[in-house]
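In this document, chain identifiers A, B, C, D and E correspond to the written order of the chains, with residue numbering beginning at 1 in each.
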Amino acid sequence: MGILEVQNVNKRFGGLQALDNVNLNVEENTVHAIIGPNGAGKSTLLNCFVGRLTPDTGTVMFNGQSLIGRKPHEINQMGVSRVFQTPEIFTDLTILENVMIPAFAHRDGAFKLSPFAAVKAETAIRDHAEEMLRDVGLVDKRNMVASAMSRGDKRRLEMAMCLAQDPKLLLLDEPTAGMARADTNNTIDLLKSIAEARPITFVVIEHDMHVVFSLADRISVLAQGHVIVEDDPQFIKGNPKVREAYLGEAHGE
Amino acid sequence: MGEIVLQILNGLDKGSAYALIALGLTLIFGTLGVVNFAHGALFMLGAFCAVTFNALISYETVTLSETEVTAWGTALEIREPLLQSWFGDFGLWLVDYSVPVSILVAIPVMFLIGVTMERGLIRFFYSRPHAEQILVTFGLAIVLQEIIKKFYGANPIPQPAPESLRGMMDFGVWLGFAEGVVPYPTWRFVYFIFAALIIGGVFAFLRYTTFGMVVRAGMADRETVGLLGIDINKRFTWMFGLAATVAGLAGVMYTPILSPDYHLGMDFLVISFVVVVVGGMGSLPGAVAAGFLLGILQSFASMNEVKSLLPGIDQIIIYLVAVIILLTRPRGLMGRAGVMED
Amino acid sequence: APTFFTSAARAYTNAPGASSVTLGFNVPQSGAYADEGADELRAYQLAVKHLNGEGDGGMLNTFSSKALEGSGILGRRVEYVTGDTQTKSDAARASARSMIEQDGAIMITGGSSSGVAVAVQALCQDAGVIFMAGLTHANDTTGKDRRANGFRHFFNAYMSGAALAPVLEANYGADRNAYHLTADYNWGWTQEESISAATENLGWNTVQKVRTPLGAGDFSQYITPVLNSDADTLILNHYGRDMVNSLTQAVQFGLRDRVSNGKDFQIVVPLYSRLMAQGAGENVKGIFGSTNWHWSLQDEGSQAFVRSFGQEYGFPPSQAAHTCYVQTLLYADAVQRAGDFNPCAVVEALEDYEFDGMGNGPTLYRGADHQCFKDVLVVKGKDNPTNQFDILEVVDVTPASQVTYEPDHPMFAGGDLGTCNPGA
Amino acid sequence: MNQMSTLRAPERPTEPAYFSVWDMHAYYGESYIVQGISLNIHEGEILALLGRNGAGKTSTLRSIARAGSPMVTHGEIWLDHQAVHEMGAHQAAQAGIALVPEDRRIIQGLTVEENLQLAQIAPPKGWSLERIYDLFPRLGERRKQEGTTLSGGEQQMLAIGRALARDIKLLLLDEPYEGLAPVIVHEIEKTLMQIRDLGITTVIVEQNAVAALQLADRAVILDTGTVVYDDTAQHLLDNKEMREEYLAI
Amino acid sequence: MFGIDLKSDRALMLVFTAAVLLLPLFAAPIGAGYPALMQFFVIFGIFAVGFNILFGLTGYLSFGHAAFLGVGSYSAVWMFKLLSMNVFPALILSVIIAGLFALVIGFVSLRRSGIYFSILTLAFAQMSYNLAYSVLTPITNGETGLQLSLDDPRILDAPSEGRLPTPDLFGIEMSATRTVELLGIPVQLNVGFYFAAAFLILAFWVALRIFRSPFGLMLKAVKTNQNRLNYTGVNTRPYTLAAFVISGMYAGLAGGLLACMDPLAGAERMVWTASGEVVLMTILGGAGTLLGPVIGAGVIKFAEARLSRFNESVVEGWFEWLPDSLAYGVTKVVSTFVGDGWHLTLGLVFMLVVIFLPGGLVEGAKRIFGFLGRRKERDDLEQVGSNLQGNPAAAE
């Protein structure tokens, strides 16, 4: 029994079968990577997990509960967080505030009317947020307005925001895209240390094979909306189907 | 039955005005993304193009009478129309046809006003928050309106339709009704045809030229369009001129139906926003459809049979329909996703 | 008791100093009635001049009371402040309050709508100053909403009905089907009630009363049902811009060329405004209505006023200007006669006061409801105007006796003047 | 640090190269981001612009393309004897500069095909749509789909296709491989080589420094808005010290 | 700035309180020191502060807020008519009814965002206005406005004879005014003004707390990225609805206070231009800033009340000292902008402010002080909008 179980999920966009009978089983406390060519349906699948899209048919179970038909915030409150492919942050707020918001949401639930509390008195929340920022290396910039960040920094911020919620399942859509190599390595280390420090499950979509192979416990390969292979990392590289559909001949890493 | 047809005609007529104003508004609002509270004022300026033109061609020379005095004891003014004394019958004709003829004046004038407005003011506001656009265009609307008040006073100024178009047309006989069942004022019929032509023209222009696509693109992302080598500023200016012209023409032709006064624009402002939004942001056909829909519903809600069932329904019908439509269709009749939703 | 100035050790609100007295002219300066407001203001300025002994004296020369001498009021020079009512009750009250509280006005006057008049009248009552209503035609102003500190010179809807009815009978007969289009607010309703009562007395039949939203602009959807009814007369209980539009559009829909029940279809506009009627252009020709006063009247008072006004401004005054001018003079005269600015003294001086020479013939300010009773003019749109101001012609002058009613007439019932309030 | 000493001082070259930037400074509002950058490229060369996150690479490209922000306050930009620094964005584009932005900037509300058509409205016209669809068959299949609903990689193809739809002299690529599957990276690499063979001068910003350097003739490393390295790509590949310090490879 | 550390909320609160309480002193020399106008300043200040909680924080632009103001006024007047002239029952009912009204309208309207939301609120308010003006006349007294009359029951009060009573606070009448001479200027101290001012100070304090609270932070987050917030486990609907209802209650309070100062409730209070006015006040002063809306309300109400007062003869008086020929011209030009031309000035002010001071008056003032003062100071001021603002030491 995995923490996330996906059965026979289908999704059409007009004439396009974006997801074609997808089955997926993610074991608890593992890093599960999803790879596949562009347009294979990876992000669409993730959207079905977080309530952005509803699959046409099929079931998605998280910890034994169905996610279908739930609102995004409900799913998040169940312990599912997501880093988006294009960074989604609160551009008008400071970096620290950006991280404090998920921390509040984690502590207070989906809604809390607290007009007379003071943010600045919430030292625990702030300390927690600062710790997350330290982890991703943004703590020095905490009072900067988020819109003025470079793209790589925005990704890191979003990661910190998700981590601040202490999620059970963290969905990462290309977390290192656009990151400098040095930072990519840092991110790998960060994710590894998080995975070790606490019970957390990762689903990672990534095109950087270096990242995939450094992190993944298990890999699913998606092509044209279909899972063509699911296997342990060491078998993926050699799989001819994967080479043909995804890695290409010349891949030499 | 005749009553129903008449109310449909009324609705179409009202709808024509709503649709024309909303068309210009949605070009600026739904397409350029500027909340233009001065759009009603453009409609009003159009109407006053007709007033001014009429005043110019019926210019009179004034001489003071030596013998007669007014009731208050000053010398009586003797007025002589200038144009007639120069051109005779043609002058008379011109005065009679001043409303339709003033279209020729209104087109360049309104275009110029639109272009000036865009160049001089609006373009600095494309990237500003909507709230600031509202403040500045509302301020502009007040200023324009006060200027008109300064020159023309607050009272309505009648603009009669040409003599030959002033009467009634028996519309019913075309539809197979008996004579006299569905008579309709000729000028209102003219207005309807005119609106249809303008709407068709604008649609054709935006569909069969790349202009529309560029403007839509420019609204979504000005910078990228610029990086593709297109001078988007110039196109926006044109677009604004076009929208102002459409609003102005709607105003010119409406003057025989509603004697214009300086406040005319404000009266139409709210309703035109409602029409645009009910039609759906960013959709020209939506704006036109909503204009006609609201016009017709408003006419029907005013029928005595309806009013006796629901007192006061004619006063709120537009808003009621707006609420119902917006709640059942999230983006109005034909709105596009993502336009002015945040 | 309401006290606006507890500190002032004076007997009444805003007691004037030794040298000057301030009046508050509260007129619409924006909105649809701005031109009417501007004309009222002109009249006020003229009245102030005349009171202060400048200009030709206007109606001071023809006024039956000779108490005023052109030396201000009780020897104080008349000064004034102006404000914008925006034709909204709220704004008008705010403006009046600032005149009273900031500028020390002892009398407020003006306005171009009944809602505003009633609202400001109530305010003046509370504040302890006199309110001399401007143009207000609804029955309520001196009916259900009458106040001891408020006075109306203008005529009202009941009087319009009573005056029009005989003329309508004479011209259109006693057998007519009337269709009412009525502005959907207080004034419209009282006029509809008054006119329909008066015409039904003649034997006319009221086929339909339709309420139209204020400022509807396009009335076509209310006019077409008239075509399909068996009405042969359309009564437009609209004023100002609504009147201009509904009349223009009714004519556009061919109502005047229509024959219904074998009779020529007719339109009636019970309350005319000459200023606004210009906006309807040709369409007013031959249409009956009533008015409080018209500049073409030939009596001495009217001529004196038209002369001063015309020479000052170059065109003749409107009925709104006339009533405002007269009200100002009447107030000043009452103070002068009472020898006191105290509102209660003024009330006493004005109640049941009879005067003449102000353009309406002998007039009574009735004490029971503070309404003036005087002749009412029935007018008709002129067929061959000689100039742009020559729009209406007076066809009949209904004597005051025919338009007089009891203070507790049902259309005016429910009101209570209360007692005069001097403030302090 | 001997490489540092070989850096050219920001001194105006007497004979500008085919494309040259001289002492360019640019601001976002009051933040000083591009702090005096100079570049020189010969016709048909590919320059790899490298550096950490936030080093100012994107800002440099945007400055060259004359995008609205950052504001260039000082400096000159010359392309084929044209003074680009005196131009607005659309003029620069007409002078032959094309930017493939880092976030792709596919235009909302327009279909794939319209996105490409849009690029061909202003002169000069480049590749035909058919030729672009041949290069990226995926775009051809989705030509009627709204551009912004494309997958990330598809959007990248569209952004490059849009640049090629214009007849360009200088191509500015901001992280073209980002988010692309290895097969596609390979495809695009091939395309870029094709583009190089066409003689289009290119500046490429890429985190995958190895891939970029294999393609490039020259390499420039930026750090906090200044040039800290400028030499041939091969030299950088050979210079372990620089690579480790600035590229972590 | 001015030697006061505005960074601290306590200081801001103190300065604000002092400024409000001393308003009669500052207002008197500019002709604004009379009760009616000063009451307007504070009451519309409350209205705008409340509006800003919705608009400034969440970015939801309501174009129907005047409906809540109107409802508040009607409730208060009804309370005066039926129960008692005491202001407290009236105000309590105003706030409650306006809150309920806002709950219903907000619940429906907040299903949409952006312009669609604005038009929904506009539609509800216009319906309320049109009905209040005509069909609902039995409840609203239509055009004239709901007012007191002698035969109202007023079950808790002694019957009123002859004269209408005025609203009072346990016997202290709202209209009571004392005039004191200060430096030769008569300063009017009015009960109603101070009563309303107390509410403004309270309202401002509550707004300040909301701005600084996690709740306020969430509202700001709604404004910048509602989508992200949903995926962060926050249910945005209750947040926006709460903000809507709170600001509706502010409006109801303002409406109730208006009725306390002048017991008449007119339908025009609900018309779209009235809703537009509070939008303009907020933007003019600076949306999202704390002080901006109050200042914007003051500017607009001052213009409305005083500019229309300067008729040509007043203007003539100003320029008497000029040579005749010149005075005539100057008078003509100046009087174009005042008296019946006051709208023109208002329109120009709107345009000039937004063109030259983007972000509104407060933002503009910051900018100007920023150029004048040291850079450090400007940074401090820019922080005023932040939730973490307050005691900087605690933030480290």
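Just so it is clear, a contact is a pair of C-beta atoms (placed from the backbone, for glycine too) under 8 Å apart; a residue touches a chain by one contact, two chains touch by 3 or more.
Keep in mind it's a predicted model, so treat the numbers as computed, not measured.
> Stepping chain to touching chain, what's the minimum from subunit A to subunit B?
2
> Taking contact as defined at the start, I'd like the list of chains shared as neighbours by subunit B and subunit D.
Neighbours common to subunit B and subunit D are absent.
> Across the interfaces B-E and A-D, which one involves more C-beta pairs in contact?
Most contacts of the two pairs: B-E.
> Could you tell me which chain lies farthest from subunit B when each chain's centre is the average position of its Cα atoms?
A
> Distance-wise, how many Å sit between the C-alpha centres of subunit A and subunit C, to the nearest whole number?
75
> Where the CA atoms of subunit D average out and where those of subunit E average out, how many Å apart are those spots?
Roughly 52 Å separates the two chain centres.
> Using CA atom averages as chain centres, what separation in Å is found between subunit C and subunit E?
About 35 Å separates the centre of subunit C from that of subunit E.
> Residue numbers in subunit E touching 2 or more other chains?
Residues 130, 133-134, 343 of subunit E each touch two or more of the other chains.
> Which chains are in touch, pair by pair?
The set of touching chain pairs is A-D, A-E, B-C, B-D, B-E, C-E.
> Show which residues of subunit D lie in contact with subunit B when the two form their complex.
Those residues of subunit D that touch subunit B are 65, 67-68, 88-90, 93-94, 98-99, 101, 105, 107-110, 114, 117-119, 121-123, 162, 166.
> Spell out the residues on subunit B that touch subunit D in their complex, using ranges where they run on.
210, 213-214, 216-217, 220-221, 223-232, 282, 336, 338-339
> For subunit E, which residues count as touching subunit B in their complex?
By the definition above, subunit E touches subunit B via 55, 59, 61, 108, 111-116, 118-120, 122-124, 126-127, 130-131, 133-135, 226, 272-273, 276, 279-280, 282-284, 287, 336, 341, 343-344, 346-351, 353-355, 358-359.
> Show which residues of subunit A lie in contact with subunit D when the two form their complex.
Going through subunit A, the ones touching subunit D are 13, 16, 35-40, 43, 85-86, 148-153, 174, 177-185, 207, 209, 245-251.
> Spell out the residues on subunit E that touch subunit A in their complex, using ranges where they run on.
Subunit E residues touching subunit A: 206, 209-210, 212-218, 220-221, 223-225, 227-236, 238-239, 242, 246, 386-391, 394-395.
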